[in-house]
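Structures are listed in the sections that come next.
After this come two complexes, each holding chain A, first together with chain B and then together with chain C.
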Partner chain A sequence: MNSKKVILLGKYGVGKTSLIRQFMHKEFSDAYLTTIGVKIEKKIVTTNEGPLAMIIWDIAGESSHRKIPPSYKLGSQGIIYVFDLSRLSTYEALDRELSDLKTLLPNVPISLVGNKKDLLNEKDLDTIAAKLPLVDVTFISARTGENVEKLFHDLALAMVR
Partner chain B sequence: MAKDYLLEKLKELLFEEQDAKTKELLKRVDKVEQGLNVRQELESKIAPILEDNTHYLQQNFNILFGKTVTKTMKRQIEESKDEVVEALYPIIGRMIKKYVIKEFELLSERVDRQMEQVFSWDNWIIRVKSWFGGPSLAHVMASRFVEPALEEIFVIEQLSGLLLGSYSKESAFDQDMMAGMMTAIKSFAQDALSKETQQLEIVEYETYKLIIKDFSSFYVVAAVSGPLNPHFKNKLDDTILAFVNRIINTPTMKQGLVSLDKQVIVGNLETYFSQINDSEQ
Partner chain C sequence: MNIQTLKQSYINKNTQFVVFSIEGQLLGSCDTLFKVKMEKDTLFEEVPFLASMVEALFDMAEGEELTFPCIGEDLYGNEGYFDFVFNKQKYQGKEAMLWIIHDFSEHYEHLISLQQQRNESEIKGEFLETEKKNIQLENELLEYKNAELERLQQIKSRFFSNISHELRTPLNGIYGLANLIDGTGDKHKLKEYTEALNATVVHLTTMVNDILDHSKIEAGKITFVKEPFDLRATLRTVSNSFLFACREKGIDLQVNLSFDLPRVIVGDATKLSQILYNLLGNAVKFTDKGSIRLEVSLLSMQESCTELQFSISDTGIGIAKEKLEKIFAPYEQATDHTSRLFGGTGLGLNIVKQLVELQGGSIRVDSSLGHGTEFVLSIRYEGALKEKNPEPYVSSEASSSSDPTGKILIGEDDTLQQKMLHDLLLKWGYEVSTVGTGKQVMEVLANTELDVLLLDYHMPEMDGYQVASAIRASSESYAHIPIIILTGEQPTYTEGKFQELNIQSFVTKPVLPDELHKMIRRVLTDIQKDRKGRVLSMGKMEVDLSYLIDVMDGDMLKIKELVEIFLSSAPQQISKMHDLYDKKDWHSLQSLVHQSKSNYKYIGILSVGELLDELEQDLKKERNQEGYLSKIEQVEKATHQAVTHLKQMRWSS
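Right, the complex of A and B next:
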């Protein structure tokens, strides 16, 4: 079977682990257990090219006192960059974050997602959308599962293309 | 004179019977004593009583001790999870054990989630432990294999950590995820050691050793149990080199530039490594 490395990036606490959990097991928990280092998950999805094993690297979010070893990102064939719609600090530097990623990993498809959609109303979402860089952004909720399946599926398609 | 005689006679009459009784008594005491001291004699006496009791206990064990035993077992399980896992291990097998340990790991992860420890060696050691089933399993392995033995061999793509092929006697964990974790460890070590341009060559855990051999576009990991001796190490090194030589010289590969053919890798892994544990050829 074909397999691809997918990395989840984004500041701490934005919901990377919750997102995978929702995708893998249709579960959600309010408890926050920060990821230790990196946790590797595997999920098989079907694409038009046949089954694809997504080897997902759930990497601990960076903060001022912890840095991701850069090589964790290398060799990945798909990126999900997650930010928290309810915390400005997780998306105010998106432009730079994304361009750094594109330099490090040229030609790798990036899915940009705003998580915790359930915490905001339509009006707030519009305001936030207006502030974001001009790229495709998907608003999702790891809590309700909204757009979660679609996110991974679309990324899988982009990777096999 | 007569008075003295009479008195003497009276004494005799009075004590004669007493004396006989005393003697009789002493005899019996002797006999009992002998019965107690000579095991067989004692046994023959009490065996029937014990047998009766044993039988009674057997019949009524549940009623008499059921509750206590259940309670004790519950406490025992609480207090010695490792040992319990150990005891269950041969019965329900590796998979269950892995699951149980995973659950315990999750539990302890919840306990010591200190932010500053997030990228530390200690965490990797815990991970490695859990892959191989914790210290108790390592002990079991140590006693089972006095000889070093190749447990599994992996061929993993550099950076992406994708598994190109693997060969194992029996596998207790997901090979794709294992390959990813190994790569994460290696990346972590490389970043940590970059100043000295060192490479991570071996990850040790008790009697387990993960031996890492780097090649340009991929690397090979051999998981070896038991004490690693120079002879085995040499044999392993030679076999890995011969194997790598073979796979990079197949027509589908041009010096590692074209993506490695998984079919070729898997096929050759079997050919090269299935015999390695057979002693001294």
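Right, the complex of A and C next:
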């Protein structure tokens, strides 16, 4: 079976682990248990090209991807960059992070997601959206599951294309 | 046991070696940590980590080494944290991958709590930081709001202390005047006091209304009606009410309404009046010389929306630049010098602004100290009815209602000049008719009562001189009509020629409107003076008001009242005369005749007076009984004529 390596990046506490848990098991917990190193999970999804094994690397959050061992990023075929909509510090340096990643992993699709949408109202979201770099951003909630399925599905399509 | 074996056994128990081919076939494993099973075709399918690294591992050069620290994965039921090392090398003569697995679970699990602590405290720190910033912002906002509130409060309390002073002044006045009225028996004084009382009450009412309006607006309780109203009539009413004040101050009030204004618009006429009263009132208050102008024009007109622009400008004292900014703010004005000087609440302009804005409009002010002020505002009305033949309404102080009025005939052959004169006179408020020849002039004079004749010197058939001569030579009532000659010649030449014709004035062409207007006013004023003692002839009968005019000191209004009493009583008296005649009650008839006789004399219908004199003598002496009826009938006829004539009289002061 075709398999693809997907890495999750983003600062600690933004909800990477929660996002994967929601995607894998439709579960959510309010407790914060930090990830160390990397946790590897596998989920098979169906695409128009047949089934695809997504090997998901839930990497421990750091303030910048530069602090992560380079071998983790090696051979990645998809990137999900997660930030926390309720914490400015998690999306302040997006521009630099994204352009770094593009140089490091050219031609790899990147999904930029703002998590914890459930904590904000529409007006605040608009204000935040105005501050973000001009790229596609998906607002999701690992808590409610909003846009989670879609996020992985879209990335899977982008990877097999 | 030597140190080497100790080391070996220690490392041994936490480390596993696995060797697999590039295709993923298992070539060997020491199975220290887990037992490698090959249930699937390749090792890549067995271990997700390997599946995700296939390509990267393929790409490694021989002898190259790759390290992956702290991998959390379930390896054949053995869950933990491992470090992976990959080393590409030959194994049993074939290209192969050595995969070294170190189990560091214990070590890493210890790290978790450290990292957890670090992350949690950093996140907490971040939140505290944001919170601090928010609180700081909130505090700043609060401080600002407090300062603003305090400022408003101060202004408000200053305003109220001023306003209560302003209110107390007229109240004291009312109290004082009421006492004076109570204590005086002098009619003259009484009138004076009540007038003053009236004015004070009006002033007080204005202030109270301002305060009520203001609080209504502040509470959002003001409503606007949407009713059709006559725009011109509303504007005229407002501007007319300032004519007197302007004349008193010797300033000109000009009203200019553009041609395309709709006749009827839908909206709140009262609110519009209120706005204009306020702004015009201010203009009059602050202007001592020059003029005040109200201009109204159409900004846009669509089916459901008509936008009008009003401009109120004056040549008054103007407003200083620094005050201009605050001019619409409530409370502020009442505290400054100007309003101290002129009184009032100082809320007026704020109310105006609110009224304008609540009607979808805007207002701005432009002023230059010492030169004057202009307010320009726009209001949106819902709908409008357009006038078919719009007539410009231009008014100036000169056409005020108390100016002399009159019927004027224009004799002028040139159509353009005819039209121009016609429009001018109409604009000034006169009744005007025009004819083109001298012959027509004579015809109109014979059939219409006129006050002034405006006569062109050069006319076909009969020229101005011939017409004027014919008029003066006639024995008709129009023989004395005032004539103004319009001439292109040097006046000296023409005047000489007209000398004996008693021509009132000469106007040189091209006509200067102001000059002509002045002249007509003068002539009309003269006529009115002449009326004192003027005898109105009606065939054989004459009405001579000179007695009344003398007695009433020329007060035409009072004279009019008396004439009206006569008009209503005379016919009754005559029918009573008939009654008494039928009853042959000569005694009562005699006293009735005596009584009414003097009425006729007062009013100046002398011929009837004489007739009644005769009748009275006859009755007294009981003679000429057969002539009683014919005399009563003569009186009746003459009275009828006089009544008709008096009813047609135009009364002006």
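Going forward, the second predicted complex is superposed on the first by the 157 of 161 C-alpha atoms of A that agree within 3 Å, B and C clash if a C-alpha of one lies under 4 Å from a C-alpha of the other, contacts with A are read in each partner's own complex, and residues count from 1 in each chain.
Following the convention adopted for this analysis, a residue touches a chain if its C-beta (ideal position, glycine included) is under 8 Å from a C-beta of that chain, and two chains touch if they have at least 3 such contacts.
Computed from a predicted structure; not experimentally measured.
With the C-alpha superposition on chain A as described, chain C and chain B clash in the combined arrangement.
After overlaying the two complexes on the shared chain, residue contacts for A:His65 are found with chain B alone; chain C is out of touch. After overlaying the two complexes on the shared chain, residue contacts for A:Ala53 are found with chain B and with chain C alike.
In the overlay built on the shared chain, the residue A:Gly13 is in contact with chain C alone; chain B does not reach it. Judged by the touch definition given at the top, the superposed model places A:Ser89 against chain C, while chain B stays out of reach. When both complexes are overlaid on chain A, the residue A:Lys42 reaches chain B and chain C alike. In the superposition on chain A, A:Leu33 makes contact with both chain B and chain C. Comparing the two interfaces of chain A, the one with chain B and the one with chain C have residues 3-5, 33-38, 40-42, 53, 55, 57, 60, 69, 71-72, 74-75 in common. By the touch criterion stated above, chain C contacts chain A in their complex at residues 44-45, 48-49, 51-56, 66-73, 81, 108, 111-112, 115-116, 119-120, 122-123, 126-127, 130. The touching residues of chain A, counted against chain C in their complex, run 1, 3-5, 12-13, 32-42, 53, 55, 57, 60-61, 69, 71-72, 74-75, 87-89.
Looking at the complex, you find that chain B touches chain A at residues 109-110, 113, 115-119, 123-124, 157-163, 174, 176-177, 180-181, 184, 187-188, 190-192. Against chain B, in their complex, chain A makes its touches with residues 3-5, 33-38, 40-42, 53, 55, 57, 60, 63, 65-72, 74-77.
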